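Read through the structure below, which is laid out as structure tokens, and then see the notes.
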Amino acid sequence: MIDKQVRSPAEAVADIADGSTVLIGGFGEAGSPIELIHALIDHGAKDLTVISNNTGNGRVGLAALIAAGQVRKMVCSYPRSSNSKVFPELYRAGKIELELVPQGTLAERIRAGGAGVPAFYTPTTVGTVLAEGKEHKVFEGREYVMERGIKADYALVKAELGDRFGNLTYNKAARNFGPIMCSAARVAIVQVTRFVEPGGIDPEAVVTPGIFVSRVVEVPNAAHESVLVAQGVTYP
Amino acid sequence: MIDKQVRSPAEAVADIADGSTVLIGGFGEAGSPIELIHALIDHGAKDLTVISNNTGNGRVGLAALIAAGQVRKMVCSYPRSSNSKVFPELYRAGKIELELVPQGTLAERIRAGGAGVPAFYTPTTVGTVLAEGKEHKVFEGREYVMERGIKADYALVKAELGDRFGNLTYNKAARNFGPIMCSAARVAIVQVTRFVEPGGIDPEAVVTPGIFVSRVVEVPNAAHESVLVAQGVTYP
Amino acid sequence: MTVSTAIVGLSREQMARRAAQDIPDGAYVNLGIGIPELVAGFIPAGREVIYHTENGILGFGPPPPPGEEDPELINAGKKPVTIKPGSAFFHHADSFAMIRGGHIDFCILGAMQVAQNGDLANWLTNAPDAIPAVGGAMDLVMGAGNIVVVTEHVTREGAPKLVEKCTYPLTGLGVVTRIFTNLAVIDVTKAGFVLREIAPGVDVETLKSLTGAPLAVADDLKTVSV
Amino acid sequence: MTVSTAIVGLSREQMARRAAQDIPDGAYVNLGIGIPELVAGFIPAGREVIYHTENGILGFGPPPPPGEEDPELINAGKKPVTIKPGSAFFHHADSFAMIRGGHIDFCILGAMQVAQNGDLANWLTNAPDAIPAVGGAMDLVMGAGNIVVVTEHVTREGAPKLVEKCTYPLTGLGVVTRIFTNLAVIDVTKAGFVLREIAPGVDVETLKSLTGAPLAVADDLKTVSV
């Protein structure tokens, strides 16, 4: 019997090796798999390349992972926020690398990686510093930049419902990078709010088919980053 | 008020001009927008380039459109079937052009067109006759072929539920090319089984957001190609 | 202090109200962070507009009442929103397919600088310690159908934001079609900036002195109506 | 007619049953049209396998009883199927993302010819009036994790289908790892074809005479067990 359910976030992330490339879902706090990230902090894997839209807030979740010194490089579209001090300080100190990628290019690169497309062309960044050094090509008189697909060793994603096959739904705008990150990772690890039996998700409404998912762990009352930050919580 | 509903298939296709490029949904008969195709036959636009996975069966639907001499060129992955005589005869007689595209490349080209991606690389067809004359490029030691995004003037698609904004759901495997074809057409025309009020589709379960759709027409009891063929129906 | 009195011009709300008048009925609209966000509150009666946000919602509505915020129902500015009947959620690749694919009709953004050829700089200063952060700005300017800017006419330090050539790193080349400032409505044309409307109480010569590039004046120059 | 008696070998069902033994528990599997479709009926007890079909279903089940067919619930062969709890529908681009992206573990296809280097030809003959039709075959062979072929050992005319070099247009280069025929189970290795299992009643010399390329014999040659 196929059963992708694991018992705890700790078990779910236990094999993430030093030096891994890890996609981490979320746009700001929406969809941020905070319990999986905390498990990764406990686990201690270091020298990670993390691909995530932001760099976290306060000293919990993604910001805490970065503060713990486990991240060598961030691939990211928006690494600052009103409540984000960890990444800026390390970056200014030259202690963390940054690959800045426009948000839509980041999404498309991840989708391409999951879809077996090694590279594609986009108009985004043409004529800007972010296009420097990249291959350009003209189609129908318009210039485009070539961007590469992104594949990763792991993805950490937050979803809403999950079944033993790994089929998933999401909650509202927490969907964001989840589906494409699951597809681009060798091992997609997903925390769900609720576990359901097969058939508990309408096959018409499955957002991520289980084929893209390796492990599902139930986290019924996931923390919200903003709440933890407001409470002054730091992790660990 | 935004209202994309039109009253009849005839009204929905009335502005399709000679020489248009038209995406037509369906994989075999599943998802084939047969009433919209028949309206296009009545309308009479000719010299069309039609992009569709197959070429239809019997003398109804897509096969009838081809038989009517309205199609100059088919872009297609599988232009024959056990019950398909129209296309093979015209093709052997040199009266219709064929651009043969592998099914996955066809889908990705249509998705790319809708997503503003002018070209991408795929391993599919490398080393085969279908890659001849195409640009190749090596990534990480593996060879890939460059394929172009497809955009079209119109799409004819069959969906299940639709609202006045053009939000859509589909029925089972009839989903196939519908969502990507809607995105790649300047004007996406959709026949739905049932019209619902805004909110009648759960926002988590919308498959095609209305932004990709221009016109929706209700066709409550759409015909099935196989039934018509079995009854010996021909159109017109 | 007559100069600083003279250059107050429109309030943020008035700028948003004026920009809103340009949005056609039925448009799919993306609003940037800051003043552009205010535009949604001023759509003229009788028009229905659908808002898109990069993080995956089409058809969202105004902020919820205090206490009803949902941390997983936010816009691209990471502020709480609500949804209206007929909305849809989708993932980031689909969301930017809408943008890059040309499906967004109208996009209103903030700006650090706009050049007379329509070049836009709105993501990064030249400050040596600036953390580069681009978000979806470059995707929006290259993909959306019509890019307009809402911005103060000059910086807090009084420097022109409408310039001959951007000195900050560019977001996109030749993308801006119209600029709504606290002082004027200015079109970006092949011949450069053209003044279409001027704020009440502002005179053309003052405006020219606050603009860092030649400013042609439309034959039918109007006063901004808000 | 001793020769034709000798080369009957396995039935279509027996070929499918043997191929099914190779599918690991938990695999995501795509089955081609024809004999490969039969494989689903012979998965060994205790294994759970999830079937993918190019036209957008994961987790479909066997055909429905007569009269319960749904023309919009079909597989890539356009035959009616059913769905099982835990299935999912998706569009064609997502479906081929699964294929091209390497998410399908196991793919079983038919063949016109397989070359000793693993080249596969299964979409077009050289007949002058053939209508070219490729479907998803080229995507599958370039994307799926493991490509195996189930086919009669020779054509209806008695010509070898396992050959030194394909004469028909290729579907993909060097993609086939194993071939299940009515006479044998043959691996495609860097050194060419290697006979692993032979059908009951078939002798190696006869098999070699029906194979269009050199056929090495495994040290531990077995009889096909079905």
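Per-chain numbering from 1; labels A, B, C and D assigned in written order.
Please note the rule applied: contacts are C-beta pairs under 8 Å (C-beta built on N, C-alpha and C of every residue); 3 or more make two chains touch, one makes a residue touch a chain.
Values in this document were obtained by computation on a predicted structure and should not be read as measured data.
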item	value
Chain whose mean Cα position lies farthest from chain C	D
Centroid distance [mean C-alpha coordinates] between chain C and chain A, Å	30
Centre-to-centre distance between chain D and chain C (centres being mean Cα positions), rounded to whole Å	57
Centre distance in Å when chain B and chain C are each reduced to the mean of their C-alpha atoms	37
Of all residues in chain A, the ones touching two or more other chains	108, 111, 115-117, 122-123, 170, 172, 203-204, 207
Contacts with 2+ other chains: residues of chain D	83, 89-90, 93, 96, 99-100, 143
Arrangement of touching chains [line / ring / star / complete / other]	other
Touching pairs - complete list by chain label	A-B, A-C, A-D, B-C, B-D
Parts of chain C lying in touch with chain B, wherever the complex brings them together	25-26, 28, 48, 50, 52, 58-59, 83-90, 93-94, 96-104, 143
Footprint of chain D on chain A - complex, ascending	1-2, 111, 113-117, 163-165, 167, 183, 197-199, 203-204, 206, 209-212
Of chain A, residues touching chain C in the complex	27-31, 53, 77-81, 87-88, 91-92, 98, 100-108, 110-111, 122-130, 170-180, 207, 224-227
In the complex with chain B, residue positions of chain D that touch it	53-57, 70-74, 76, 78, 83, 89-93, 95-96, 99-100, 129, 131-139, 142-143, 169-173
Of all residues in chain A, those that touch chain B in their complex	108, 112, 115-123, 137, 139-140, 142, 144, 148, 169-170, 172, 202-205, 207
